[in-house]
Amino acid sequence: MSQVIVSGLITGSLYALAALGLVLIFKTSDIVNFAQGEMAMFNTFIAYTLMTKLGMPYLLAFVLTIIFAAIMGYLVQRIVIRPLFGSPLISSMIATLGLIMILNGLAGNLFGFETKNFPKMLNKNNIVIGSISIDPNSLLIILITIGIMFVLFYYFKYAMKGLAIRAVAQDPEAAKLMGISIDKVTMSTWMMSSILSAIAGMLIAPTTFLDINMMADVHLKSFSSAVLGGFNTFLGPVAGGFILGVVENLFGRYASLEWKTVFVFALIVIMLVVKPNGIFGKEYRKKV
Amino acid sequence: GNNEKDTTAENKGKDESNVEEVKLAQGVTDDTIKIGTIGPTSGPIAMVGIPMLHGMEAYFNMINEQGGINGRKIELVAKDDEFKADLALQKAEELVEKDKVFAIVGQLGTPGCLGTLDYFQEIDIPCIYQGTGVSVFAQAKGNYFPVQPNYTFEGSLIAKYAVSDLNAKSVVLIYGNDDSGKEGMVGIKEYLKEQGKEDLLKEEIAFNLEDVDFSAHIQKAKAQNPDVVIVLGYQKAVPGILLEAKKQGLESQFMTSYINADVTMLDLAKEAANGVLVTAWVPDITDANNESAKQYIETFLKYYPDETPNAFGVAGWVAAETFVEGLKRAENNLSWEGFIQAMETFDGWSDGIAKGITYTPDRRNGVEKMYFMKAVYDSNGPRYETVTDFMGLDD
Amino acid sequence: MLKISDLKVNYGYVKALKGVSLEVKEGSIVTILGANGAGKSTTLKSISGIVPATEGEIEFMGQSIKKLSPEEIVSLGVVQCPEGRRIFPQFSVEENLRIGAFGRRKNIKNINDDYERVYDYFPKLKERKDQVAGTLSGGEQQMLAIARGLMANPKIFLLDEPSLGLAPIVVKEIFGIIEDINKAGVTILLVEQNAFQASKIADYVYVIETGNIVISGTKEEVISNENIKKSYLGA
Amino acid sequence: MKGKIDIKKLIVLIVVIAFPLIFDLPRSTMTLLDLAGIWVIVAIGYNLLLGFGGQISLGHAAFVGIGAYITANIAINYNPPLIVGVLLAGVVNGLLGLVLGLPALRLEGNYLAIATLGFGVAFQHIFMEWESFTGGFSGIRNIPPAHIFGFTFDNRVSMYYLIFIFILLAIIISKNILRSKTGRALIAMRDSSIAASSIGVDIAKYKTTAFVLSAIFAGVAGSLYAYLMKQVYPNSFDTAMSLNILAMIVIGGIASIEGSIVGALFITIIPQLLKNIPVQNASFILTGVLLILSVMYFPFGLVQVYHNIVKKIKGSSNDKKGEVATNNE
Amino acid sequence: MNETILKADNISISFGGLKAVDSVSFEIQKGEIMGLIGPNGAGKTTIFNLITQFYKLDEGSICFLGNDLSKFKPHQIIEKGVARTFQNVELFKSMTVLENLLVGQHSEINYNIFQGVIRTKKVKEEEQIAIERAMEVLKILEIEDYAYFYAGHLPYGVQKLVELGRALVSGPKLIILDEPAAGMNDTETKEFAKKIRFVKEKFGLTILLIEHDMSLVMSICNRIMVLNFGKKIAEGTPEEISSNSEVIKAYLGEEV
């Protein structure tokens, strides 16, 4: 039982990690970036190439990948998102669907279709506590996830720039009148979110292995986690991820693995009906 | 003509008239033979479709460079069905009616193969190698020539080995919820039933192809403390399961399907793969002393230097070499009937990577013998070691 | 201080401004009056750089700001409190104020002092500083919008119909506050429908009609103008 | 004015009817057209839901699948006239639409998106696991062709006309709905649900109505799918397909029936045409690029292109009138 | 004349700790125009939301022509005969003005979805009647020229009138208006006052009106109720109210 829960938490942290970038974009521009998973995959391939083709050590490759990710975020915003300012939001979401195809197709052509092993950040033996066996790398991922969550939380709550990002999401024109450059704000969030995707990808890849498909399930689940926990907070997606991971595992272990997915989504729907803004989401009602 | 009934074969009539005049079916000229293939080469399953296609192309390129077969070069038209049955059918119609291909070679993907089955049977175009383990193709007969073993057969064989050679008293099955898992499960159960040992199978544990967390699966397996754990599935799930088992200290004997018998599993599972028994129907391609495997790897790398020649590539290669062998045997009698007759002369054919292929008018199982290898991951490097000879269910 | 000459603005096919010229002297209060859709808001928006001008010139302290981006304009001290409040509904009152100071974020010494300064004008906001702004009443939101603008330390403060939807007593207060702000050294450009009160505090008044300035003059001149009386002051 | 429009419609009608008769199209092309036609029906229904009703669904492919499986089962077991299969698929889907409409009463935006996405994913698994009904991963084959009044739709061309009739029905029904109080209520709900309910629109009722309607359209389309392909497999109705349906109406034109048609044709046919480019993955990548370009240049859908051209031709004589609303159907 | 049409008895609601409306009681007589004024945040709009059931009462009751309104859902209120406008205009922006007024008759138009689908004769007739009715109202409000314009693109003042039209067209008995004259200049407001009086007579309406423009309130209201901090602080004729010292202190300021 405890192993199932612990493993659930670990898987959940992957969902949570992937969800943070998604929520970042959403909070600022109301856009659901369907391509978040593919960005993670592509960036992870960059890290892999740096390590295998150029023989770089992990840390250097990690840092360079983050720089690459920032550039990718910049380009995506510049080429795809910015021209869509002023169009209906759904257009931007469809554009990110297009982005999935481009990134997935390019990744196959550039990096090949085989599944690859991606190194862990921390390569230590499993820790065994009683009947539970834990990979220290997994603990690290959980810590990083929670760490990023807090950084984002404080940045958005207290930093002027973070506030500006939230302001743009609520009323872009009024934000302009406050002296906020919408372009710079969305640019920086896309860059941040791309960086988050890279970090997520590099941390997730040792578990899912690296290939063009690595994020398929994680992305779907991260989206679900974000919604489950509340899309407009940072705590929500992380908590949502953990909850999802654990529930999924418990159901799989003690009820049915075949019907696990059906159960998980049914549960999400029920949870949402009870708490329409997610477990931690704040209710915001339009006043008339 | 678009007014034909789907169930009649106006085309077939056309082809027959062709055949009568020049004795050649569509797609065949004096210096080329045009053939088609369908498989997922974009989207998620492209990771299987592309290597398989490249395996085929490597082989055909090699043949063409050698001057082709009977002076005819082989031209392969590849269509992408995105792993969808409906698109596969549409592509099949395109290949047959627009591209006018002579045969369908190395089609990949269960949905696509199933989706086109009725159509190809109607028009009777030769179909060599179905990249799926579904057993219906073995029963299709006529124009169908499956090569890779079907999963039901394989499942039975694994069960047989577990029971009679490993003396397993308790078996747990972890299977993927697609054909690779479910048909294999049927095979295992069939065999155990025959032997009256159904109760050996203690637990059937399903996983979804996209699962990443296998802790619950392993916990379930562990609870049975089994002698043998059979893992049926492919791609990343299998190494994922092995790693989790190692982490949780489940030390049963693991067995898995030939789909995983390549470098990728060793690469991904590392030490966790050590000792796993895998079935094989082609000689170990990772074995440096195996001539036909060497040829495959060298040729593949010649045309696709940046890619890994993996098991999917082998599948394509085998499809191509089986087809080419048929061509050689048919010589100039390249009507569909002629070719099919030539294919039916395969009798334990073993010149290629694949061994022991037999076709008669009512025997279309493709490979019917397999052997077992053991994955080894130690200081001498990752490799497979052969542990049995080729064996069938009746041996 | 602010000089607009022959400003033309189009929204697609709609010609919203057809050549507006006006001038605001440093330290003064200038009011623009006009009916619905006359082009008042458009004038303010093009000053702030929100809508592009097709022709004409906008100068602030001798420098052309026509081509500048909204954030550059704000950083020069040209701050607008927009029509319809446009407060950030999901922010708390205090967060709204904080974001108001975004344009000068690099030289804020103690933001609490700045809060206190605007809370002095609007004590009601202080009571509600943690309330989510979207749930404030209309009038409270209007106060917040003005306060938020003040947080930017404007040199010239553009106010678009600040009295809209306010209780009479608050309207008086607001006009009082505008005068106070002005006395504290901020130049005011005020757009109003509430012509009577607005012209009372103004040094100079422009009247705009379908994209053109039709009348201008000191408040005495304008108030005594019969046409104006008829059509705007309801007399 | 009215006469002119009718002539235009008539021309379109004649072209569509004559198309397969004039050109001797290969069967594969007809298959693609037939498939596209089926998605047109889905897209029209989906536009009622999202475009007009403002309710998102990311699980719509499931409805098509359900329709297809229902028809497959009854056709194989009873082979009734096609109308029975179609109706049954429509009715069962309508009921399921009602069920999916329930969470929609409480949810909006992303929360609704994920709930419907979950519905889609769950059904994908149900299609896989409920073997007695769906045949599991190996699906259902050998579905007999559709027949009615002794006529059998056993080839692509007859299916083409059958699907065409259903598209016509879909257009007429959806346009009639949009011109009725139901349609207005849907749009009102989308524009301002608060105002809508203040003037008597029961939001709960119309949210579910939107779901039910679109589910019925999808179910009927699924039924035709089963009759066209004569086989049904689970992975045809996955999340990617649901997202495709969304892309159809956005690309074509949200809140426009014509847009649904254009979008469905675009998304079904263009990627297949692009596959003729002999570069690995080119069609996949280019489809992505086209998706982005089309929302970029035609943010209100490809039908906008047509309207722009008409505007150009007619010149600027209308401009003076300003924003005169033309009936946007 | 002295027939009570709406009776609110001790109504209260609070948000979090804030008592937005605090034990307020009032009655509206048939045929009168009642004004509701008070400082910003006093709870006026909240009372509207309580009447129309957007918010549910914490305490008290609201009775309209013998119906306890709290038994109904927001969309049923109009069927009982109460229509409203909104403080921030809430039009159906992507619809034409005419269509907005057709939605306004949603509950009046009498056919079901199946008839709508096949567009029976009845549907056509009902639609025709609805259109005529809508045009009639537009004419009365003198905005019939805008009938085919998209509502979202209209000048603010016209939008306000469209909203009024949309409320009128359902034939309500009581109409509640939230700051209808906001954003209008004095001349426009005067015009508007005339229109209100006219439609009130024409349709036999009773009106409850929130407004900060005292010239409008004082000129058209028969009676005025004043709210402060959620509590009723005064009620009376315009003259009484404008000289009530508490009202002056809380709301009007020294001179009017």
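As written, the chains take the letters A, B, C, D and E, and residue 1 is the first residue of each chain.
FYI, contacts are C-beta pairs under 8 Å (C-beta built on N, C-alpha and C of every residue); 3 or more make two chains touch, one makes a residue touch a chain.
All figures in this text were calculated on a predicted structure; none of them were measured in a lab.
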Minimum number of chain-to-chain touching steps separating chain B from chain C: 2
Those chains which touch chain E and also touch chain A: C, D
Whole-Å separation of chain centres (CA-atom averages), chain C against chain D: 49
Chain A-chain B separation of Cα centroids, rounded to whole Å: 36
Rounded Å distance between chain D and chain E, as computed from the means of their C-alpha atoms: 41
CA centroid of chain B to CA centroid of chain E, Å: 73
In chain C, residues with contacts to at least two other chains: 135
Per-residue overlap in chain B, given as positions that touch at least 2 other chains: 42-43, 46, 50, 177, 208
Sites on chain E at which at least two other chains make contact: 45, 54, 86-88, 90
Contacting residues of chain E [partner chain C, same complex]: 15, 37-42, 45, 87-88, 155-157, 179, 182-190, 212, 214-215, 250-253, 256
Interfacial residue positions of chain C with respect to chain E in the complex: 33, 35-37, 84, 124, 135-140, 142-143, 161, 164-173, 193-196, 230-234
Complex interface listing, chain B residues touching chain A: 42-44, 46-48, 50-51, 177, 205-208, 210-213, 215-217, 219-220, 235-236, 239-240, 247-249, 264, 267-268, 270, 306-308, 310
Touching residues (chain side chain C, partner chain A) in the complex: 48-50, 69-71, 73-75, 79-80, 82, 86-91, 95, 98-103, 105, 132, 134-135, 148, 152
In the complex with chain D, residue positions of chain A that touch it: 26, 32, 34, 80, 83-84, 86-88, 90-92, 94-95, 97-102, 104-106, 108-109, 220, 223-224, 226-228, 231, 258-259, 261-262, 264-266, 268-269, 272-273, 276-278, 286, 288
